[in-house]
Structures are given as structure tokens and as C-alpha cells.
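In what follows, chain A forms one complex with chain B and a second complex with chain C.
After this line comes the complex of A and B, so read on.
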């Protein structure tokens, strides 16, 4: 008890220095937490993927479509319980910075495959009944203040022209990891419009979404689907939804790696600051340490004093930092809008923050503690700091 | 009379560990700051130098990228025959009707797939881009299933070296050459014969038309005529502008993320400098009193401590820059969101970045040192002499 009291008193001796160090730690811990959350957000699509869904795309690359008549052939494959499709629309709402994903989907079947998109039954009915209607996610609605009944004008980049859609439904996510920044509309409407404009672009879809009853058969079913279309004009590549999403992440992997590295740089920066604080403190008190030694306290006691003070500062910084991470992350998420559809501080991030702070606290006092433990009493007493 | 610089230097040398740790923290911040600027500069250079002022890129209106654009044969012919388009030595128009698609290729190091841009070029395609040269093998011969790969694609992807074969569009394509485009965007592309690729991909249309203008000043006349022509649904951009726009999202992302991080990180380093400088002032209270008693003014004391903080910053800045300069050996390869295809670019250091980074380091020093220096300058002579 006396030991803890001594540590506390020591910590409060230089209030300005301890205060500044804690402040530095708070900033570093928040920055570290935010960066880790950004990395998590990158993987959110893959995290939210279901193991019972497969995605079939054109084998050449995603920009190539698949013919709609594959649908019935895939449906017959053993183990396939349902099938739907989605096509990337890539429209621009007012300006490029308002990016959100838009898909033309099969209105009858698509949402049956995605039970995590929760839609009120009457809204679902209204959407199915309106050819030019659309379904949008809660986050997207909040970002732009959209309400049911509003019209969203989009400028087509892949499908030229001006498009207007009426919001018929807003979906909520069943879990916090569900992406609610998306926009869905009727593929039939897209197809009919293309029939009038560019006839050769009709009856094509982007990807098929396949529901399978047994996740363990994913590989076999994928192979069977791909084998069916081998050497055809549009060869397919089928993979699990998770692998499909991870494919996107791996394309921008360099950025994820850079953010990861940078998140550790901030820990090293704060380590330098913290180590400096502890080195100064120990240097100033070397005479006291010699006195304590002369009184019979061992080197372990001295090292304990220094480690204890360092850990106390580090944990104070970590505690404040972790608590503040949540409001800061919420604010950040609001600012970036639909850029990161899912942005939440995970439990692992909090553990990592605490672990990083503890590591900084321990590493910072290695040298000062060693010095205090080793200093001969006579030299210490003679020291003038 | 100012206090000699050697006094400040010896003070920094007396507490080596503290000086080292404080400047070390700043060096890391400067490293991050400089690296981000270098990355942004590398990206800018890669894409801006991809385009030339004299060339114009014609795409479908509001397509944004070549991949999304569609131009049918009649429209392409009209573009090619505009009066501003230059003629080659052989009298033919200096225009290349191109078809651009993305194919998914697998990386050598990670075995992961990424999108690579494949460009079908016309006869004049290479003449329009003087920066592209064949460094290995030869040019593909028109009318055959031969392709050439950009340098960074050949290095990074399976099947893209000379003699290797890529299979797509129900055909096998032999890589017959490697092109070096001087670190521009073309290094991240694969080129082949436009007509062959259109057949293979069953695309009866072009993606874009690139033309060389007689004179860059003729561009606005060319653009106006193209965009006013009721037969055309196209838009024209100067090639360098076109490529600069392709990198906008990625460049902004790097810049904003980098700047926000640098500023947040600098708070840590500034606090480090403050702690050091406050301690430095506290240790030398008696010395400061003595200096004042000797007749040095408050302003001189203030300046001396500020210089000490500046030196900490400068040391951090220099070390940070040295660390950052090693990053020039690295190349980043990532997907450009706008074109949805792989783009390789490297960290580029230039004088402006050196100046900005050093200024950033000095500012951190000043901000960290100003409060402690003010405290030193305000000390009372008698009190401080008594302090020890």
C-alpha cells in the first residue's frame, strides 16, 4: 500500500510533465485506435459475408458481364437452393464525391438471399410494385437526408443518360457489421431501357449470387458451375462471397499495409516521448535512489518504483484515450459518410490499445530502472542531476 | 549581445539520451510527413507524365474512364478526320482507335488476383506516345495474337514475361516484348492489336480515340467541335488533364489521410519537445539567473531557448528526411479506384518536399519550445540565483 502511495506521489511530483506525457499518450492511443478501425473497415465487406453464398462472375474480370440465360442453368446444379443476380450501375449522384454503391438487382429474388437487409413488408411490396423504385440503406438515407418517396437522380457512367429513382424502401442492417450504404433498383428497368438505347447490351448481368444449402460443398459447387461454362463465350469464376470480397481488399492491399505500418509508427513516437520523461525523472532522482539504497531498499524496489510510475502514466493515458476513441470514431464516421459503410471500434482494437500502452510504459522504463538499480550508493549521493 | 551558439550545442550534448529521444520522436513524424508527400508526388508524376499536352483523349460523355467509355466505328471515324488532327510522315492521321478492357491476372508474389488494364492500340498507338519504348523483345505484329507488357506488369504478374502466354477471350496470347514507359501509367498496362482484342472480347466498339493535334492551341477548337457535333455523344480532354483526373480520388485520399496523420502525430512530438525544454529550463535556473546577472537580456534568453528547440526540430527533420529518402527504392502498386485497375508508382523526393519537411520539423520545434522559452525569459534574477 505504501509502495503504491509512493508511486502515486512520485507521479504527481512533476504535474506538468506527467500531464503532458498523459496528453501525448491520449492522442497517440486515439490515433492508433482510429487507424486500426480504418483497417477493420476495409475488411468489413468480407467480415459481413455469408458462407452460404457464392458469387459467380465473368472469368476475364469483373467488368465483363454474364448472359442472363446462365441463371436457369446454374439453378439446376445440385446443392444450389436459390439464385439471384446483381449488376454494378456506377451512377453519380450530383457529384463524384457523393459516392455510394448502386446495384441493379432481380427485385423478386435478391432480398431473399440477403436476410441481413431488413425491410418492412409493406415497403418491400411498394418497391416490387414500382418499376422505377429503389431500396436504399439506412446509412445512405441518413447521409443525404433521403426519405421514402424522394426521387434520387443519378447520372449514368456505364449506362449513359439521366436516371431517376423513387425511394420505396429503406433497409436496416440486421447486425452492426451490415453495410447499409447501398442502393438497389430493378434490373428489369435497366434492361428495358438498354433495349431501347443499345440493343446489344440487353440481357446481361454483372454477377450471380448463389445460395447453397451446405457451406461445406462450396468448392464442389463452384467447380461444377465453372465447368458448365468452360470454353463458352463467357467463362465464369465462382467463389465464396468472402473470397470475392477479399479479392477487392487485396487489390488495395498496399494501402492497408501502409496504414498498419503507420499505426505502429505513432506508438514508437509516443514511446520516444515516454522514454524521455522516464529518463529525465530517473536522472533527477538518482540521489534519492541512492538514499533509499543506503536505507536498505534493494534494486528491485527501485526498479519497481520506476516501472510503477511509468505504467501508471501509460495506463492513465490509455484509459482516457480508449474512452475518447469512441466519440472520436463516431464523429469521424459521420464526416466520411458512406466512404466507410461500416465503421465501429472493435473489441480487439481496444485490447490492442491497452496492450500498446502497457508495452510503451514498460519499454520506456527499461533503461532508467537499470540505471537506478545499478548506481553505487556513493556515486548516487554525489550526483548533482 | 547574443549568447554563443556553442552554449546551446553543449547543452544538447550534455543530455544525449534526452536529445536523442526528443529528436527521434520528431524524426518519425517528419518521416511520415515526407513519405506521404513523396507518395502523392510519385502518383502525380506517374499520371501527369503519362499524358502529353499535344494529345487529346476522346471518350463517351460522362464516362469518366476509358474502361467505361464506348465509341462506335462511325463516331471514331468522325473524330479521326477532324482538321486539327496531325498527319504522320506517311500521310496517315496520327490517331489511335483503342479498346480498353480489364483482365484479372494473378500476382507472382502473393498469388492474389488484381485487375490489369489491357489496351488494344491502333497502328499509330506507339507513335502517339514517344515515352514508350520496347526494352526487351519486340513490338507485337498487327493482326496477330501477340501482346507486349508494361515493365511493372511483367515483373509482378504470372505469365507476363517475354515468351510466356496469357489466356483470355478463348485465345492464347504470347508476350513478345516488354515496354518501358519511363515510370508512367503505361508501365502498368498490356498492349495488343485493337482489332484482335475486339474480336476476342466480342466488342464491336472502341473505348477511346487518342489523337495528336497539329498544335496544342488547337485543342479548344477541336473540343468545341466534337462536343457540339449532334452525331457524336463524346467529350475530348487533353491527355495530361485526362490522366491527372484519373488519379484525383487516390491522390486526395493519400493527401488528406497523410496530412491528418502528420498533424495528429506532430502533437505527440511537440509534447516531447515541450517536456524536454521545460526540463532544460528547470535544470538551468541558476545558469539563467547568472546570465541575466551578467547583463544578458530577457529577449536573448528567450532566443537561446528557442534556438535550442529549433535545433531539436532540425535534427529530427534531417534524420526523418534521410529515413524517408530510402523510400525512393520502393514502388507501391495498388488499385486506382477510378480506373479500377492496377497502378504502380514510386516515392518521389524533390526540393519542395525537402523544404516542406524541414519547415514542418522547425515549426514543431518552435511550437514545443515557445512556452518553456517564455518561462525562462520571465525568471526573476534573484529568485533564480537562489534556486539551487
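After this line comes the complex of A and C, so read on.
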């Protein structure tokens, strides 16, 4: 009780100094949390992936398409319970910075494979009925203020021309990890348009999405599908949806590693700042420590006083920092819009923040505590506080 | 607290616990030197003397003569290089660091030139501090602290912080802290060195009273001849050697 009182009052002794240190910690903890959340967001697509979905793509590269007639052959493979397909459209809405993913999908089957995209039945019906209709995610709708009935103009890049789509449905995510920044429209519409413009570009799709009933058979089924098209015009590569998503991320692995490193550098910097504060504080109080020792208090008591003060500051910084991370992350998410479809501070990140702060608090006071514990009483008493 | 006299009996004066004739401080051939930059500075050489129970000794001498060093050795916050150093029958030079800490807590009361109170603690809490190392319960501690503060005339200043007290008052709080565990020996290093004449007189009168009424053995370092007059006897340290002068 007295021990805690002493720690608390010591902490409040130099209010400006303690306050600035706490402020530094708050900034560091927020930065750390935000950077980790960015890394999480990077992997979010893979996290949300289903283990009962396989993706079949062109073996050479994702940029090469697959013929539509593979669909019926894949459907016959044992263990395949459903199949659909999606094609990357890559259109631009007004300006490049408004990036969001757009897919031409098989309107009849695609959403059956993605139960996490929750769509009201009448909206789904309206979408299926309108050849030039589209389905968009809630986050995308919120970002641009889109409503059902609005028209979204897209400038084609892979598929040239001006395209206009009418919003017929808005989907919500079944879970917080569900990506609701996407845009889907009828592959049939794309295909017919291309038939008129460039005939050789008809009847191709980007990837097949395969539903399997038993996730344990994923490897077998993948092999069987790929074997079927070996030595054909377009060889396939089938993998789980998660592996497919991680394939995207690994292209940018270096950036992710850089962000991770920076997040720890931030913590290291605040550790240096805090260690300096604690050293300064302990140096000023060396005569008090010597007095306590003369009165019979042991080195552990003194070390405890210093550790306690350091931890108190660190935990205050952590608490404020963690609480503020949420609104800051929300603001950040709003700024970057649909670039990170899923952007949320995870429980793990909060634990990491708390752990980082505690580690800073402990590490910062190792040397001051040792010094206070070891200083000979007579030397401490002679020092001018 | 296991030892008497208990603070609560302070009105029955004078109280002597140990048989007279047994010295509280027993020093033989004590030497101490400091090392500075590869150089050895002898501070005390072959000092021998005794201090009896209930004595009030003033230790005088020019600055740098080793007065504080000698006092620190007696108080167990510094270690001699050689010689015998027996306090209250304990060879304190042989104690380990933590044994010495416990020994100090039970046997020595400290009074410093600059009071050395904890600035974040009130007068009450400062005086209570040494009691936190004892098994005394909270209300027992409170009774004792209140009594000690009454003895130094600061009962009404219990809740004041050191910064809200004058130098003389702070030193009185320090005296209350020094006697709170009822140690047999009080060591005071220039206790009036930072005070004006009238506050200094208050402090000296208080030390005389502690010596007379509670039978405390007091060793006081001072370079002020007036302060030294309060003591029973004066010892002069001159270049590390001791000479006795009774008055």
C-alpha cells in the first residue's frame, strides 16, 4: 500500500516529464498498433478464405484466362459439389485512386459459393434479372455513397470502352473479416459485349471457383483437375482459396516485412526515450535512495520503486494508446477507403501493444534500478539531489 | 518492537537499558582510506576509542578530517579497511550487506545535515517509513508516529509535506524519524549545519532531551563550537587521529 503510494507520488512528481513520456508512449503504441493492423489487413483476404473452396487458374500466370468449356469437365470430378467462375475486370471509377476490385461472375451460381456475402432475396432477384446490373459490397457503397438504383460508370482497361452498371444489390459481410469492398456483375454481359468487339476474346474466364464437400480432399481434387488439362491449350493450376490469396500477398512480402520492422523500430525508439527519462529520474533521487538504504530498506525495495514507476508510466501510455488506436484506425481506414477491404484492430494487436509497453517499461528501468540498488550509501548521501 | 525502552515510557526519565560500563561503541585500530584516481587517500588511521551508554559526544575537526567517515563507519553505512568496530556488542564489520541493513534499522537513528526527508511523503509518512520494516500493525504505527511527532512539537503538522515546513521543522521531523524505532544510538552529521541560530538551538535542546530523558547515546559531528557545547564531551579529529577533550 505504502509502496504503491510512493510509486504513484514519485510518478506525479515531475508532471510535465511524466506527461511527455506518456505522450510519447501513446504515439508509439498507436503507431505500432496501426502498422500491425496494416499487416493484418494485408493478410485479411487469406484469413477470410474458405477451406472448402478451390481456385483453378491458368498455370502460366493469373493474367492468362481459361476457356469456359472447362467448367462442365471440372464439375464431373469426384468431390466437386459446385463450380462457378470469376474474371478480373480492372475498370477505373472516375480516377485510379478510387480502386476497388471488380469481377465478372456467373450471376446464377457465383453467390451460392459465397454464403458470406449476404444479399436480400429480392435484391438478388433484381440483379439476376438485369443483364447490366451489379452487386456491390457495403463498404464500397459507404465509401462513395452508392445506393441501389445508382449507375456506376467504369472506364475499361483490360476490356476497353465505357461501361455503365446499375446497382441492383448491396451485400453485407456475414463476418467482420468478410471483404465488402467488391463489385460483381454479369459475365454474360461482358462476354456478349466482347463477342461484338473482339471475337477472339469470347468465352474465356479468369478463374474457376470450385466448391468441395470435404476439405481434407483438397489436394487430391486439385491434382485431378490439373491432370485433366495437362498438355492442353491452357494448363491449369488449382489450389485452395487461402493459398491463392497468400500468393497475392507474397508478391508484396518485402513491404510487409518492412512495415513489421518499422513497427518494432518505433517501439525501440520509445524504449530509448523512456530509458533516458528513467535514468534522469533515478539520478536525481540517488540521495533519497541512499537515505532509504541507510534506514534499512533493501536494494529490491529501491529497484521495485523504479520498476514500479516505469511500469506505471508504460501502462498509462499503453492504456491511452490502445484506446485511441481504435478511432485512429477507423479514421485511417476511411482515408484509404477500399484499398484495405478489411481493416480492424485485432485482439492480438491489442495484446501485442500491451506486451510491447510492458517490455518497454521493464527494459527502460533495468540500468537505473541496478544503479540505485548498487550505489554505496555514503556515495549516494554525498550526491547533491 | 522488541526492545525497550519503549517510546510510550518516555516520561519516566532517565531510562538506561544496558549496564553502564559496557561501551556502545568499541573501536580499536580502525583504519579507512579512499581510492581516487589510482591514489590512496588515508582518511582514518589506527583510531581507538570507546563511547559509553548514554553518552552525548560531539565530534569536531577541520573540514576533510574524516568526521563523517568515522560517523558513517559507526552507523554501519560504510566499511572499514581494518580494525575492530563493535557496536552494541556486534562486530558490524563482519555483517553482510543485508544483515547490516537489518542491524541499522534496529540499532541506529540517522539525522542528516540536509534532513533527507522524502519530498513526496508527509511528515507523518516520513516518520512512519522506518516502521514499515517492522511487524507493527497500522494503528500501532499511527500511535507511535503521533507520539514521536508530539515529542518534537509537530503533532499539528503531521499532514504537511517537507516543502511546507521550515528547515528547523524538517529537522525535527527527521529527529522523529530517527527515534521512531527506538534505537539505542543516534548519529547526527552536522544536524544544525543548515539552520539559523534559533532553530539550531531548538534542535540541540531536543537532542539533549533525548539523551537525558530517553538515554539515547548520541554522536554528533559538528564544526560549530557552540553546538558542541550541548554534548557531554568533545572529541577532535585531526588528520585522521583522535584526541579527547572533556568539559
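Basically, the second predicted complex is superposed on the first by the 384 of 385 C-alpha atoms of A that agree within 3 Å, B and C clash if a C-alpha of one lies under 4 Å from a C-alpha of the other, contacts with A are read in each partner's own complex, and residues count from 1 in each chain.
We adopt the following convention: a contact is a pair of C-beta atoms (placed from the backbone, for glycine too) under 8 Å apart; a residue touches a chain by one contact, two chains touch by 3 or more.
Keep in mind it's a predicted model, so treat the numbers as computed, not measured.
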Contacts of A:298 with chain B and chain C, given as first, second, both or neither: second
Chain B versus chain C as contact partner of A:6, first or second or both or neither: second
Contacts of A:333 with chain B and chain C, given as first, second, both or neither: neither
Chain B versus chain C as contact partner of A:71, first or second or both or neither: neither
First, second, both or neither for A:211, with chain B first and chain C second: neither
Which superposed partner A:288 touches (first chain B, second chain C, both, neither): second
Most chain A residues touched (candidates chain B, chain C): B
Residues of chain A contacting chain B in one complex and chain C in the other: none
Residues of chain A that touch chain C when the two form their complex: 2, 5-6, 9-10, 13, 287-288, 291-298, 376-378, 381
Residue ranges of chain A in contact with chain B within the complex: 16-17, 20-21, 23-24, 27-28, 30-31, 35, 59-64, 90, 92, 96, 155-158, 160, 198, 200, 231, 233, 235, 237, 247, 250-255, 258-259, 262, 265-266, 268-270, 272-273, 275-277, 279-280, 283, 367, 385
Touching residues (chain side chain B, partner chain A) in the complex: 15, 17-18, 21-22, 24-25, 28-29, 31-32, 60-64, 67-68, 70, 101-104, 110, 112-115, 168-170, 201-202, 204, 233, 249, 257, 261, 264-265, 267-269, 271-272, 274-276, 278-279, 283, 332-335, 337, 340, 342
Chain C - residues contacting chain A, complex: 69, 72, 75, 77-78, 98, 101-102, 104-106, 110, 112, 116, 118-121, 125, 128-130, 132-133, 177
